[in-house]
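Below you'll find the structures, each written out as structure tokens.
Paired with chain B in one complex and with chain C in the other, chain A is shared by the two complexes that follow.
Take a look at the complex of A and B:
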């Protein structure tokens, strides 16, 4: 089976671990527990281009005083960048995360999750301008989580 | 050589390191006994290591470089595997084989995780508090021993500075009272509301002692509190109810003070001749003129129509009359828009112990009527 490494990146406490837990286990826990280092999860996915095993890297989030080592990015076919729509600084830091990842993996695919969207009402959601590589997501209510991973996996398999 | 073997055996028995030998095809060649504890299930000889260590997926080129002697080793740090934190070190053994060393760093990483958790929660809390403080309808600054140690974004924006590291802003310099430090300002403001004019705005200044060492000052812009504080929308002055309420609250506390009622002479003719819009302009101009010539913490209010109220604090009646004479002269010499000249009549009285709002306002009003009866454009006082 084809194995594809995908890294989940973003500032701390944006919901990276929760998105993975929702996608892999179908569960959610409100309690915030900081990820340190890396935790890997696996999930088999069927795509139009065949089956693959996703090796999902849940990587410790960046903090104002700590950047994560670029060695974690090595060999990734794709990335999901996660921001917290309730914290503007996480959106401001998004491009920095993308630039660092592309520097290591110039040919990799990526996608952006604007997470914690369950907080928004419908009008606020409508006002959110998103391109085809960005999704409003919520690990809490399972909004757009499957489609997020499905979309990036399809791209990585092409 | 025997010693080295003994040392290695001890290290392995301490569950600090485990090892896996793999060949070029990622098949397990040899393995230490404790690997199963780290990986949940121990791989068997000949099995694909990537089934047990998917962490190596994506590092094929690094492994290739080690086998080819380009690099000697590669390290992946702090990998959470099966409730252990492991450092995975990929090392050259020979041209056909590499060693994967698994170093158990669970204890130290758990300690780091607790610190990281505490740090991240602190950053989030700090960020939330910062957001709350920055959204307040007040400018906030905190001092300790007269050093400004914090100012919120509204404060910095209002004074158009990025930080107060290189630039000091001393609010007390905007008061008429001679004060030379925040420490000296505090007792003046503590438990009271002080009105302070900065640039073209009026603020309510409050002070709170925090932990006996820090002093928190807040500035609430009066113009933003117009509903709450009864601000007259035409002139920007307080309305009569606020004046009365302020006087009531401070009658007992006040030292010497004077209350003044002012009436613009012949103002009905201004409206009749120049129109009500012109009349409004004159009222606005009059209010600005007087505000610019009284102290920041004196209270100036619009009673209604062309009548005004003034409270001059901490002053004897004689000094208040002198101040009023200055104001009288300023009005006489001022050229008003639309109409040119304008005069006003003044009734002034001092407050005494036992005064009520009605008694003091009645005296000032009687004095005003006497000024009108005497031919307007003058000051009449009622001393008690």
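Take a look at the complex of A and C:
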């Protein structure tokens, strides 16, 4: 089986861990997030190109007291950037996260999850102009979570 | 010959004409190339090129170099001192120990590498799992685990371990240290991490690995890097490739090397007491055999030496610390010669049981020195007669000895009697000897008779005070001799005597009183008072029964006297 490393990045408290918890087959305890800033989970995904096991690195967002080592980014074949649609600063910080990741992994694929979409009504949802690499997601109602991971996996497998 | 020379010269001229300019150009190029190699220009280009290659493909370069300089790449900084101390200890141990030579020989014989044997030799710390992990991604490249001690989800564990490693290394680097984490311990589990260029190895152990085990893991890792470096660099997460398969197989073999030693070590532990007993028995047997061989060799050497020097075949046996010589020799001189030889070779005492035929002795004596013959002639005794006499005496002695032995055997009682008879003789002879010149001592009676002392006046019980000292002095002497034989003495009797004048009954009474008076005095003497002898002293009154007569006339003064008599026990 092919395995790929994927990192989940974004500001503090945007719902990264909740998204993963919704999705994965197995996971380490959350305590690792608060101790070393990363938690490993895994998920098997079937794509048109074959099966793949994602090794998901849920990387804690930077906080004023803790900076996350860039070495966590290394070797990742893909990344999911998560923002909280209810907090504009998380959207403003998105490009910074992407730039840092691309700097370390210039050939990697990435995708953006606009999370906590369950609070939006349909009109509001339509107002979001999303490209094929952006999704409105909600861990709470399991909206677009599978699609999110399938898409990034598909990209990584090509 | 001349034609040949001319032909060569023509060919050279033709070559110069056709290729002259090219040859010159080639020479010029040669010179320029030499100049380039000698100049710093090329060196700078090459150095720059290598530096750039290292900068761009650092991991590739490290992978290429790891098998050669792996130990240098390894970051031992954090444990430098510990390593150094352990290294020194191990080198001392390795350099001096028999184990090292044993391992080298075993490696040669069995074809098993010293690295593997080193792994077997390491302590009971055991590698439970081995992971090879892609350094950047933390993806598990290959793994191997002991059957019953596996990790449930190795891929997640590999990534988590990788994250932890990255976290710690990042922290270490932020503190301006160049080292990398190598040991992670949690509870009973220990992770030993050794890093190369694009991958690192994690050994999951049940305890912290010692120097030998780390060395073994590093050696194994170096051999893996050497073989799979290209594969590691291009690894893309596919664990179904043939390289992963062969790598996993190698790791499994490596892990299993320690399985049997681990189990056999446990067996060894149980076997230890028996093993030590066997060693001890073997050691004692070896010492015993060596000791006996040494003795046998010495005996053989002495026998051979004696045979060579004296032409006598004798037997030499070491008994305790003595050398026992047995056998027969021709001449008396041979014995002296043999003893001389032995003394020159050993410090053992000699017990000589060598036999020389008597005829040979006589022959020697007669032939070498006529003095004995002359002496014999002077005394009219021939050697033969002397010999006969010696034989006769020997027979008699043996006969007596036999009789004595027979007597001894008869009964203990008889032996006791024998001893006592002997003792009586001894007591008597001693008294006789000591009182030989004493005028009061009567040898036939073994008594002291003070007849000449005139100690009693007519009709008096009381002795003359000025004369009693003589009695006491002689008595003391008498007792001092007998005190050694008290157990054989029945009694010491003090007899009182009277003259024949008057009524005999009264004389009897008087004599007893005289004896009593003297006894009272004598038992107060210090020699008697503190001795058991006083209980042996008895008195007797004999009246005039033993009056003294000289030429038919009674010497009345002499009759009034004291006698001290010894009575030995009847059974002696």
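The rule is simple: the second predicted complex is superposed on the first by the 142 of 158 C-alpha atoms of A that agree within 3 Å, B and C clash if a C-alpha of one lies under 4 Å from a C-alpha of the other, contacts with A are read in each partner's own complex, and residues count from 1 in each chain.
The definition used in the following text is that a residue touches a chain if its C-beta (ideal position, glycine included) is under 8 Å from a C-beta of that chain, and two chains touch if they have at least 3 such contacts.
For clarity, every value in this text was computed on a predicted model and none was experimentally measured.
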Touched partner set for A:89, first chain B, second chain C, both or neither: first
Contacts of A:24 with chain B and chain C, given as first, second, both or neither: neither
Contacts of A:2 with chain B and chain C, given as first, second, both or neither: second
Which of chain B and chain C A:12 touches, first, second, both or neither: first
Chain B versus chain C as contact partner of A:37, first or second or both or neither: both
First, second, both or neither for A:142, with chain B first and chain C second: neither
Touching partner for A:102 - first (chain B), second (chain C), both, neither: neither
Dominant contact partner of chain A by residue count, chain C or chain B: B
On chain A, the residue positions that both chain B and chain C contact, one per complex: 3-5, 32, 36-38, 40, 42, 53, 55, 69, 71-72, 74-77
Residue ranges of chain A touching chain B (in the complex, touch as defined): 3-5, 12-13, 32-40, 42, 53, 55, 60-61, 63-65, 69, 71-72, 74-77, 87, 89
Residue ranges of chain A in contact with chain C within the complex: 1-5, 26, 28, 32, 36-38, 40-42, 53, 55, 57, 69, 71-72, 74-77
Parts of chain B lying in touch with chain A, wherever the complex brings them together: 50, 54-55, 57-62, 74-81, 85, 109, 112-113, 116-117, 119-121, 123-124, 127
Footprint of chain A on chain C - complex, ascending: 134-140, 153, 155-156, 159-160, 163-164, 166-167, 169-170, 236-240
